[in-house]
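In order of appearance the chains are A, B, C and D, and numbering begins at 1 in each one.
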């Protein structure tokens, strides 16, 4: 067993700041990533992107390859979706974060995305972790629904061991007995991770709580607990979204979120 | 089945504010309760009380009857402890919150305490709930480790049905697979409770996380999520505390907590 | 901390066998306790008792004091129910197991019941544990929904420390994320308890699974895993039962259960 | 949403029996798969295989690609391990079950293995499920640590939708708060699955409980609950095993297991 893991504060004491042009993740600024669950069509993604950009988001989220519980649910537009993201990036200058689900698609996602996302279900898909560990693009690693702190960090280590040290950790809820939220957003892991690792930590309240009304209070709580950023599901018309409609914010709700998190960020010494 | 439960916003729309002289729980002010896990001796409790009072606490917590996992652990000073609490109240003007564990002790606790606490292990001790439901003193009801939202609220209903509508709900962690915290503080329940009930909601981060270093960030997160108050374990010398030493703050840590939560309270429109 | 707990195999190596007249719990024979969730009226309880007796049950279960999540649900017939149990005992010679919920009722239950039951919600009601620890009647201690092995055994220790060493442990399901059963029957605790303690261990599959069709297979599994007995909910007409109707067996289903567990008992060296 | 899923008893009423030459999974016979956690070298695997074959196992298990929490742990012999398995098969006539971890390796595993295993961590690796869905070999699908019944069955559906209807479901423990077992073996899912699906269901007690002494009682319980088979970790010298040494049986323990499960199988109308 190695004595000092690459993710560890014993290996590297100061916080890792991931720098994409002028956007820094893990520093003084709270970074907000926003967008729809899935890329549905070109018009949809461009329209949403323009709004979230205007309201302060730095990244556009949106799935082209979608991990769905049922094989009969919409599986994403795949490469077509990636091209729409690329076009949207050109039009809005928003950076892109999108998910990879198969080792054979890593090169493709790398080409279109600024950050490569590993979803919660693939947190221990070790082949995929090794593959993105060879990429030069930063990786957003979502915590698995039943991942311990150690397992989460070890999955980051799989990526870092291959040479890619630009890993962003993302808490998105754990599976507990509670049913008033889709999953239980576990903000306790934020101070626990900050103690163990120098890597940036962001929070996905949308997937975690699964209830629109709780996204704003839990976003404020995430920042108060020390998160470096948020990833939020936003759609022009959540009711018509192909997926995750219960938790997706509409434009005015996202505007409200941005307004309410600003003083909280300031209260904990961060900026937005 | 009743159509409208007493705890429900359908029964009473506006927030319940529990008024003890000039101290209001459930209003604009964040209320902090602080003190040792257990009353150990007269000198200890008076000394701690003076400090937490000076730093802004409105209530002194401290157990005289202690629910301990092992029958060989310190079980509390019982009535002697209650008398020390009463003396401390006289000296400091702090209000008292302390736990009742047996129906036969309700009258005794009622005599000495401003708020009667029901511990997490007794959340579904229905005989005890009925007994405190007949008291004229407010009740602090802690959530059981595996209580659902419905069960928690129904336990409040047991108290209210007997006539005592002054119930304060307290989230103190749920039991999950996570081991980096003693329990998993479930802040998600704050917006969920605020939607369902008009009762005040406070948070006990000390018992929930069980790790001293996480108490401050999780206190800030609790307030950002909408909590009406905090209950915090504080001891002059946590290492010498008879119980809960891993999570208890010393005086300078509690001072730091009070300093750090103030701007967060302000950021969410509350005062401290 | 004590070196050897009273529950421990280090304190007492050989299995504890609790002997009520000729009925032995913890020995070679699988003991079945059966009956309705609640005592509803005299006719109901006598009728059920006669049938379960004929089919091989040694104990009649039936609640007179009922711990219900809602204060508006049927709370039991209380002493009237106890008297019906006593009358049924006289008529059928079945032994009685029924629940106590309040320290002030221990003497009353002791008078009417052969075994005093502590329900899952009161597993850490330490005042109640101390009170039944002073009784001369055996105690059936149900595991709390989120109780660890250590907590479960320590609650037995609370009883034993007061002098009552006749404790029967009962697994009745833990709270997990699973929803296809009401709780998750955790049979793994049987070999774990058998290793740690000399006390008898029985299983309540009815409350654990909450689904009638799963009661028989899980009863067989419980015996195969090493349980010393079962406690089963049986009603003449489960659909008309005042509580727990989803999981209660009717007479022919209970007959089927008794028939199917017999060869399993024999396969693991037990008799029925 | 489809009305009748391929896994459902509504789609196909009678049990699916998977027939590999004369070995039938899902029928009257309890099938035992046994072998080491990992293929370590040629001598090791052949020696273990000969013993488990003699004691009644029909399949040899053994990992060539190993999903390990840490990237610094032994990752398996890969194709070399597969060749050793092939050689062992020739020498012993045991059928082979081994794990695939990457879509690019499906063809390779298919060539060497009689059953392709999908590990718990990859239960929702949908790209991998689709890939093995195109194979002609049966698939052993392990339940993820926090998978619901629906998610588990939907992952089977991903495989079946691609044309491969030969899916064997395997319960291997869920993540709960319990720590006296590595995971909580959830036998409740056996009757629940048997109700919902026509697919065979086997149990892996070794990985679930993680404690050698509990493997035999839980194997008996699994069969009593209705499992169609077991997959057991066996090693000549568990203490020297490169992984999973705490739960692996030695030869005489495996012999004991085979001896003890035989009467239980008979008691529930099965043969061994």
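Basically, a residue touches a chain if its C-beta (ideal position, glycine included) is under 8 Å from a C-beta of that chain, and two chains touch if they have at least 3 such contacts.
Being a predicted model, the structure only gives us computed values, none of them experimental.
Same-residue interface: subunit C and subunit D share over half of the residue numbers found at their contact. Chain centre most remote from that of subunit D: B (centre = mean of CA atoms).
Subunit B and subunit D, compared by their mean Cα positions, are separated by 48 Å. Note on chain placement: the centre of subunit A and the centre of subunit B lie 35 Å apart, centres being C-alpha means.
Put simply, the C-alpha centre of subunit A and that of subunit D have 34 angstrom between them.
In subunit D, the positions touching at least two other chains are 146, 175-177, 179.
For subunit C in complex with subunit A, the residues that touch the partner chain are 175-177, 179.
The touching residues of subunit A, when paired with subunit B in their complex, are 146, 148-149, 174, 176-181, 184-192, 195, 208-209, 211, 213-214, 217-218, 220-226, 260, 263-264, 266-268. On subunit A, the positions that touch subunit D within their shared complex are 1-2, 67-72, 101-104, 121-122, 124-128, 130, 144-146, 150-151, 154, 157-158, 161, 175.
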